[in-house]
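Structure record follows, encoded as structure tokens.
Chain IDs A, B, C and D follow the sequence of writing; residue 1 opens each chain.
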Amino acid sequence: MDIKKVGKINNSKKVIDIGDNIKIGGDNFVIIAGPCAVENEEQVNKTAEYLNKLGVKILRGGAFKPRTSPYSFQGLGFKGLKLLKNAAKSYNMKVISEIMDPRDIENAYEYVDIFQIGSRNMQNFSLLKEIGKVDKPVLLKRGMAATVEEWLMAAEYIALEGNENIILCERGIRTFENYTRNTLDLTAVPIIKDLSCLPIIVDPSHGTGRRNLVIPMSRAAVAVGADGLIIEVHPNPSEALSDGEQSLDFVEIKKLIHEINSIKTCINKFE
Amino acid sequence: MDIKKVGKINNSKKVIDIGDNIKIGGDNFVIIAGPCAVENEEQVNKTAEYLNKLGVKILRGGAFKPRTSPYSFQGLGFKGLKLLKNAAKSYNMKVISEIMDPRDIENAYEYVDIFQIGSRNMQNFSLLKEIGKVDKPVLLKRGMAATVEEWLMAAEYIALEGNENIILCERGIRTFENYTRNTLDLTAVPIIKDLSCLPIIVDPSHGTGRRNLVIPMSRAAVAVGADGLIIEVHPNPSEALSDGEQSLDFVEIKKLIHEINSIKTCINKFE
Amino acid sequence: MDIKKVGKINNSKKVIDIGDNIKIGGDNFVIIAGPCAVENEEQVNKTAEYLNKLGVKILRGGAFKPRTSPYSFQGLGFKGLKLLKNAAKSYNMKVISEIMDPRDIENAYEYVDIFQIGSRNMQNFSLLKEIGKVDKPVLLKRGMAATVEEWLMAAEYIALEGNENIILCERGIRTFENYTRNTLDLTAVPIIKDLSCLPIIVDPSHGTGRRNLVIPMSRAAVAVGADGLIIEVHPNPSEALSDGEQSLDFVEIKKLIHEINSIKTCINKFE
Amino acid sequence: MDIKKVGKINNSKKVIDIGDNIKIGGDNFVIIAGPCAVENEEQVNKTAEYLNKLGVKILRGGAFKPRTSPYSFQGLGFKGLKLLKNAAKSYNMKVISEIMDPRDIENAYEYVDIFQIGSRNMQNFSLLKEIGKVDKPVLLKRGMAATVEEWLMAAEYIALEGNENIILCERGIRTFENYTRNTLDLTAVPIIKDLSCLPIIVDPSHGTGRRNLVIPMSRAAVAVGADGLIIEVHPNPSEALSDGEQSLDFVEIKKLIHEINSIKTCINKFE
């Protein structure tokens, strides 16, 4: 594996500064949460308000949605990004959102604090190169059939253009098992820690596709050493326009945060 | 599966006109051949000259190369497209080449007769939508972890924008078997014929990754009912800048064409 | 790969003698057909009678059925083997049937001309060793998640005990694609031909799980160079106790045999 | 899914009694450890002595080894079982060992406290039925390409014969990722808890195939809610006759036990 930029040199670990004293990597543990898709002002504001009370500092929300079918809800686009940014501002939160088109980066720049590259675009090399020229952090999700090596090489594409503020995100791989939406490969966490200087977080929402599996897999993600979690939360999951079956409601996200904080404290003692 | 544009309506079969009386689909069987990557003028001209003698009418060649590592040869870009077009013109051939960036479509338009969307970009929805607005045919490769349903929905994205001249290409899926580069899923051919009106061709070069498997798998592709083949050919495979181990030399492509013509004649009798 | 017994030494090819001038491997092409499970005397006799008219010389039929659920039909056991043998005798056919328990081999010996080891037992090493001591041919199906290398090593277990009359059978591997029951990996045929002296046949019935895919995939199997086919046939597939949705009826098996004979003749010319 | 015996009825959870007050399931957390293969008296005694000091109460060790190649070390057979039993006795430990042949069960009965059915035999239905008649507990490993549903149906085969003392063991599934030996699917733990009354433990040694991944994945297994772990330990992993690269040494197993106890205490508070 020919990693020059994102490999582990002198046992270094990259800590990524999101601003306002929010950091990802190193001794920091980050929780990113929010709706799968931005649907309307009320939904996103209500979610931001509640998450903020729980101490969540980064708000997720999809504005450009990569959907298998062109007939599914495609997201609100820039209108969604604005709603998301407004909600985040009101509660002093940062924004992460997915960009799919290199031509949208410039216009999205003012609304987004972390650019997300989704699973389906992990090897969209034009997009990787373009995001590599931006001076804001990038979350790079693992492709659903990507090996760890291919994933790190995709990060290398970004880093080579100058942007080394890359956060990796394990979100499940495609296997023969169809009880879950994907197979969450938590082994990727210690492997990445071993091979790379980049922080890695886990997405148990897409990784399982089932609400009742999100909490146990989040606990496992913390215990295995992940630098954070990204979780889908919706005020009313049963009415969500997308991914309702894997979104937590407010009671569940509260329980999740309580439990992972507890495990994190435990883990910290022996690390 | 909610296919409106690319499904099989009234048992219809789409025949795609490439110009100069070259057609893909229906009763036509197409052979597309050429180097993995355009390397230099001599290589591409020599290949075009030889292929033309064998009756091949569509020349393939990569100018923009999606490589796992940013340190691998990335292709010659527009310079490569021009070399390819010139070689094709000299021998009255058509050109197919991969485009990875929606911003390159306009400039590539004059050099390309069929736009190729590669496996890694099968769900690059921005690219699909943009190519859907073009008035030239598109070859849509199956994603390496895409189900047949996801593949058809990707085609639907293109068709919805207006461009219904879509050719599908099975190029192998990712499985646990690592003796071959991918696992060529020939079953996709009769399934696509059953569900869709689109023609489907097979890429045994990427599908196997091994030269000695290309001929037998090509024979199987014809027998199973594919509408054509796309084959990597190089004047000197051992010196190729990419994919040399799966490229045929001139003697091998000649043998392949002889054999598949023979099987095609046989198959035609009972279809 | 450490293959001593089943590898390709001096380019040798094993031809396996089933008796009464029936041979598998070399220049011979074999069609094995019959019901998934032996259900009753009438069903198996009717099938044998019809297949015999079509020139089929080996009758398949399950007596011991490896079913995912213990509540599914488990087969008639030795009673089924006897019915199968009687039907075969009446029409001068040979019998192939699956054995799952090493303790059943002795009692099954008189009813079976070829012992079948099923996919789920490919690495049942006790069974492999026991069947290796028998003086009748063995059909070894590929495990549903077995690499070609593991498969050949399983054959080596049998050969090491003395029984070198092994026929391999590709029957589909498990992948993420769930439109078909398995993904039929036809590439295994030329790979096995390359690495091993053993004959290899193809099972498109289990390999696809869908009746309408059996004929096209059979044609592909012949074209790719397989030494034969094993096909599920039932007088009335819609009433079959198991695998009805992948069994051919009498009209379909007739069409299949006609088509593959035609392709075989074509192939023979250039081999 | 038609589970009658091993499903979750009235929210019941099965606790399995191994004797001498050792229990698996419910509020108990079990650590099973020992060498991949029993090699000689000194190796197994030394390991048992050390593990006993750490509080481990169940000793693992392979006597009948299912190896891909017939030329690999096949285990010491009954001689190995005796060495294992003697070592266990000396330190008041229980023995778990794999049986591959239904004919060996009777003779193995006196040496084994828990019978193990390995991954390759998960659908060896003859073996499942035979072990279902035994009055000692069974550890049923998940097949490397088995869905959770198929796994539970395999357990149902055992339970239907009368033996309901079944412990499930997740040991990794086969995927495209080849950096690890298998992909450890920890999601199986909460799924099994949801669908079944059976306890489930995790094997991170086979699940990863790499020593440095065993500790982090063990921590994750505890956090996700597993009922225990089975770990390969060797006095000198670099000289092990099999699986040395995934075996922990004495220092590592001590660290592992310390960490998982700590996480278990933490988890218990919120469960």
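In this text, a residue touches a chain if its C-beta (ideal position, glycine included) is under 8 Å from a C-beta of that chain, and two chains touch if they have at least 3 such contacts.
Being a predicted model, the structure only gives us computed values, none of them experimental.
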> Cα superposition of subunit A onto subunit B: how big is the rotation, rounded to the nearest 5°?
Replying inline: 180
> Over half of the interface residue numbers used by both subunit B and subunit C, so same, or under half, so different?
Replying inline: same
> If every chain is reduced to the average of its C-alpha atoms, which one ends up farthest from subunit C?
Replying inline: A
>> Roughly how far is subunit B from subunit C, centre to centre by C-alpha average, rounded to an integer in Å?
In response: 35
> Centre to centre, by mean C-alpha position, how many angstrom separate subunit B and subunit D?
Replying inline: 48
> Which subunit B residues reach two or more other chains?
Replying inline: 145, 149, 174-176, 178
>> Using the touch definition from the top, list the residues of subunit B that touch subunit C in their complex.
In response: 145, 147-149, 173, 175-180, 183-187, 189-191, 194, 207-208, 212-213, 216-217, 219-225, 258-259, 262-263, 265-267, 269-270
>> If we count contacts the way the header does, which residues on subunit A are in touch with subunit B in the complex?
In response: 2, 66-71, 100-103, 120-121, 123-127, 144-145, 149-150, 153, 156-157, 160, 174
> Can you name the residues of subunit A that touch subunit C in the complex?
Replying inline: 145, 174-176, 178
